[in-house]
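Take a look at the structures listed below.
Each of the next two complexes has subunit A plus one other chain: subunit B in the first, subunit C in the second.
Now for the complex of A and B:
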């Protein structure tokens, strides 16, 4: 069931041995133990193959080449600074003032960062203080192969703690950049965000890299939202055209906690976003939204899971996909309502637009329900632009490209409607629309 | 008792004409327990099959040995010991064929009576031809002549192997290949009986064809093989009804059904399945692993599956349509009711291959007691399939807090002209609905039956009249004891 044979090259194991000494926190015995154990488990299990249900739509066989690449070192001190500056400018949202944390090629970059230091906020960087990550790197109950790999190879990461009743006035921007020098490298990073009771915070995480190099960004984050805390998270993926982008976020919500997650996938050749959530307190609310765009060999895979473990919780999922020539997408969303989670309210909607004959959309919206007093719905559609709508706009004098663009924009705009968050999100929506507009006009005109 | 007399009469009449299956040189009525090449040879010899069919079976057996039992369905059951199952059993009373009324096993007639099915009655009521399968061997066939006049072939699969070898060779395994899945390979190796139907060009079958399946003998697996071919411009409606007397031990059933429609042809296949679901504690019950698939090979052809699944401890069943011909239509209407410890993982696959194909999926799942019902379906539109259209609706109703209802749809679209919609809801019977019924003087069970029947109406209306009545009663019986 697994792609073990891809790891049969001796280089993979050898590489790990060679890299060991250079890892952040290599002097910490507990960390080296974790790394070694996780690597053993990864090597034993291999990468999940296409017959593993969760990976039905994304084949990982090609990843082995990253693991076997002997030129894994990326110089931390000698990044092409003009390139970094250029990438940073593209990713940084100056109009949302607040602290900014920058990682370049999987390593924290102090020069570009201004870490949060408000009262009631504790911020740690893995390479500076690995001890803070001891708990989050401990082996989870059911560690997936990729989770093991990430724990074995973790290069850097951040830990954001917000203490009780603290409200972060501005969003925190976290920017992950990859440079041209990252070709063939895998960048394994880690995030942890924890909000104590009644805390409120917003985080905008962007991923950016140049077209050309094929690098593999692999990030796993944990999110804890305690009682009555509210967390708003925004992922903006603008990786280079050849990049491999994989993120995995695990969230746990306690009583009356709220979590809004917005996930926008525009770049990368192969992208996979896993958003796994547990509603572990009554009256918790989660709102997952996202849009993904795919064309020319691009594959976008969104994988969500919401565990309704307690009664009276609410979950909402809204994902829109736009696929153009050569683009492929998969939306796999699972809602699991546990036996006693009565009065659960769960909605899930996934709509896909195919703009070309060579586009492909896959959807698997799953409901697993073990309680009877619940309201759960899901809907999924796949189709092309409505010819009548196009005709209407054309008859009003719009040319075909403009008409298409307008319709696509409207199709995606639903993701932003009725958002329960402040003005920052409007700025984000604007920025997102700018990007998609560019994306569409390129595509439509060609 | 009049009806029973008539049944005896019919059994006598028909079995007199039955050429194969009753006369045999082998003394035993049962193949020894377990599965090996000898058992397959035994079955084949018993059926007096041609050489090619035996080879086909043995090849299937070889392939089956290399395959693994599928584990992806959401059903739990103890490991099946295939060496502890009888793969062939003929009803005792049929060995020489009943020569007089006294020779008909009264037990057999009692079963008919208990099930409320008298052959004559059906004949009169609905003009239905009945091919009864009682433990793997056909015991009675009616209306054969009338069908023959229309040029329709309606016979057991063993007869077809003798009389229509070209048709059998052409269609056997052509829709469900041997290697399709574990149970289809198993069935291909050991199938013991089933029905073969061929409707010639331009013929509209004058009556609804029907086969009643019954599993009677303890420990006997039932491996039916049904092939229905509708040639150009023909139409047939086929009813499959299943009832089984109460038994303690789990029984395995792995049937394969293959449908083929050519240009402008239509097959309507309806099933009511109420095999023994096991007792209240989940003891016993039938394991039902069925592969059903229809290929719309011709232009403007149509295949429609309607099923009401109320029985079996385990149901693993996905009636599918391959929409190959242009403008072909696939339909799937399903009601699956589970109670007590029943588990049902059922759904459909609609594969759009030709242009302007359309499919409709309406699935209603009702779970009560400690049961689990899963809808699992695939809608696939190939890159070359222009203007495909699909509508899917899956509704689940939960009765009680101990049961589960799951929906696992797969939607895979490779052509932008496709319009595919899927929607699903899960809910329970609302207190308001129940209160309204109670207030009008209905008791709780009647109210639930009424509400559930309303919930299933979209599917029930697609059943032929004779089935609809039976099915509505079944809904009530299946949900007995689930409320209050």
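Now for the complex of A and C:
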């Protein structure tokens, strides 16, 4: 199995040498060491090729363009504040109270941010305080080649720490914007969220950019949810039409911890969302849900892994995909139940709706069960809209587009089934539906 | 007025309707009876425009407009309503949302203003009460988990809310117990009272005890072979199709 692909050009290494003096924390010896070693590892391994099982649906050849781009200088305070403000307004949910943290082209933007400042909450920005990220950079949860690249090139990031028994009263919105000036650039950011025992927090992370430039968002987050802590996370991926969007989230849950993850993938030309989780304490519960949409050259890739390492844990996965002409998706969901993880409850459901014969959905559930007293279910389907349902709606007066919209909305709304409602959740669900509707009403341009 | 002339319809390459003629004047109630396979449901689907029901010859005009040239939703906008033999379940769509979307779609088509949320609630509650339908049922997803009788009653609620000028009811009476049958018949009679036209497609004459038709037609082998009054239905009940010289399963 060879990984080394797409790195035939020596510019990639040279570029790193040229850039390193300008990196955040370049004056910190320990950080420069980590960057240099991570880059060496990346150069030695290369990008994963299509023969690597996890990447068989996503060809990364186009990434070479970003890695070899010499024109890497991207001003930290983009002069076009009008564009930034416009993008911010589209991404920011004003009807949700709470702090907001904004990154523009991979750099923290203090002007638009109001960072969390509550008792029991510690919030750090990488470019201001790299030291806070030392441990997570030195001991990454996963050392894949892309993770190494991210550690070598990291531009900025955030670290949210909630003390024991602290409940954050309001969700935090984290907004990542890319501007027109980001064309050809790679934006490597990191996040770290850690909830101490009994803590509760909610984070809404949005990614947004214009349709013109081809930029590469590459974000890696570590999440630690300690005993009895509860973490709720939403991701709205609303990237520009030519964007490359790649996020990896690695979570570890301890005893009786809860993690709810909701994921909406609407934009980007190529998007891959990896959600890797370890249930490392008994009675931990994880709930991963999401919906992804693709059309015209768009490819959406969801990759999940749940390691049931301890007994009595529960995991639930519910993903829905909607693909129109020219769209492509892959859902790869892996559940690994360790030999001693008895009384595991693991459910996985992935359904895909094809709105055109020219759409493609791949579904690959993978269950590796080594314990013998467990309940694990999985289901994957790929189907079309039901002709009888469509006719029923049309016979009542709905035109074809409205009937389709109603059925697709209903299909996608399943990701909210059996969820608590009210409050922020209702606002988030509304936004989810609104964005879904927006996608559906767009004309297919080819 | 609905005018069907020499209608020929093919389904999956097989001709089901073979030159059907039928005229329904405003305010009239017609019943179509016929043996299995005669083409009763095909007639209802062809009039309402379901895909796969290919009209090869003939015409269907409603109030002077060519229905066959219209999409199903446009036909609904013109005042046509099809009560389904097997109402479709739509998970994830609530009855309320469905009905409001449907009503407003028709109103937009007709150039009328949309119904306000408050007025819609009032309307739907009133109609549910008239038809003895639990308002809770309206919050549930369309027909999901409904019994056969509940589904048919739900069709009547939809009909009452959408207020069509011409209703085609395809075996609306099948699978109903006697109480449900009365409620459904009541819904139909309510519509009839407003001088609307109704085409009842039925297998049994049972429903006709409650909704007395102006005309009864017998459909066999894709054509109307006999027309009469309510007495024809009673004769059929007593003697069977064969007794009237109509071959069973002629298609």
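Here is the rule we use: the second predicted complex is superposed on the first by the 429 of 446 C-alpha atoms of A that agree within 3 Å, B and C clash if a C-alpha of one lies under 4 Å from a C-alpha of the other, contacts with A are read in each partner's own complex, and residues count from 1 in each chain.
Convention: a residue touches a chain if its C-beta (ideal position, glycine included) is under 8 Å from a C-beta of that chain, and two chains touch if they have at least 3 such contacts.
Remember, predicted model here, so these are calculated numbers, not experimental data.
Enquirer: Quick one: subunit B and subunit C on subunit A, clash or fit?
Expert: These partners fit in the superposed model.
Enquirer: When the two structures are overlaid on chain A, which partner does A:394 contact: first (subunit B), second (subunit C), both, or neither?
Expert: second
Enquirer: Would you check which partner chain A:366 touches, where first means subunit B only, second means subunit C only, and both and neither mean what they say?
Expert: first
Enquirer: A:409 contacts which: subunit B (first), subunit C (second), both, neither?
Expert: The second partner, subunit C, only.
Enquirer: Figure out whether A:379 sits in contact with subunit B (first) or subunit C (second), or with both, or with neither.
Expert: So A:379 only meets subunit B here.
Enquirer: Please tell me which partner, subunit B or subunit C, touches more residues of subunit A.
Expert: Comparing touch counts on subunit A for subunit B and subunit C gives B.
Enquirer: By the touch definition at the top of the document, which applies to A:354: first (subunit B), second (subunit C), both, or neither?
Expert: First partner only.
Enquirer: Check the residue A:164 against both partner chains and state whether it touches subunit B (first), subunit C (second), both, or neither.
Expert: neither
Enquirer: For the combined overlay, can you note the least CA distance between subunit B and subunit C, rounded to whole Å?
Expert: Distance of closest C-alpha approach: 15 Å.
Enquirer: Looking at subunit A, which of its residues have contacts with both subunit B and subunit C?
Expert: none
Enquirer: Which residues of subunit B touch subunit A once you look at their complex with the stated criterion?
Expert: Result: residues 72, 74, 381, 383, 396, 398-428 of subunit B touch subunit A.
Enquirer: Can you check the complex and tell me which residues of subunit A touch subunit B?
Expert: Subunit A residues touching subunit B: 53, 339-340, 342, 352, 354-384.
Enquirer: What residues of subunit C sit close enough to touch subunit A in their complex?
Expert: Residues 48-51, 71-73, 75-77, 81-82, 84, 87-88, 90-93, 97-98, 101-103, 105-106, 109, 158, 162 of subunit C touch subunit A in their complex.
Enquirer: If you look only at subunit A, which of its residues touch subunit C in the complex?
Expert: The touching residues are 386-389, 391-400, 402-403, 406-407, 409-411, 413-414.
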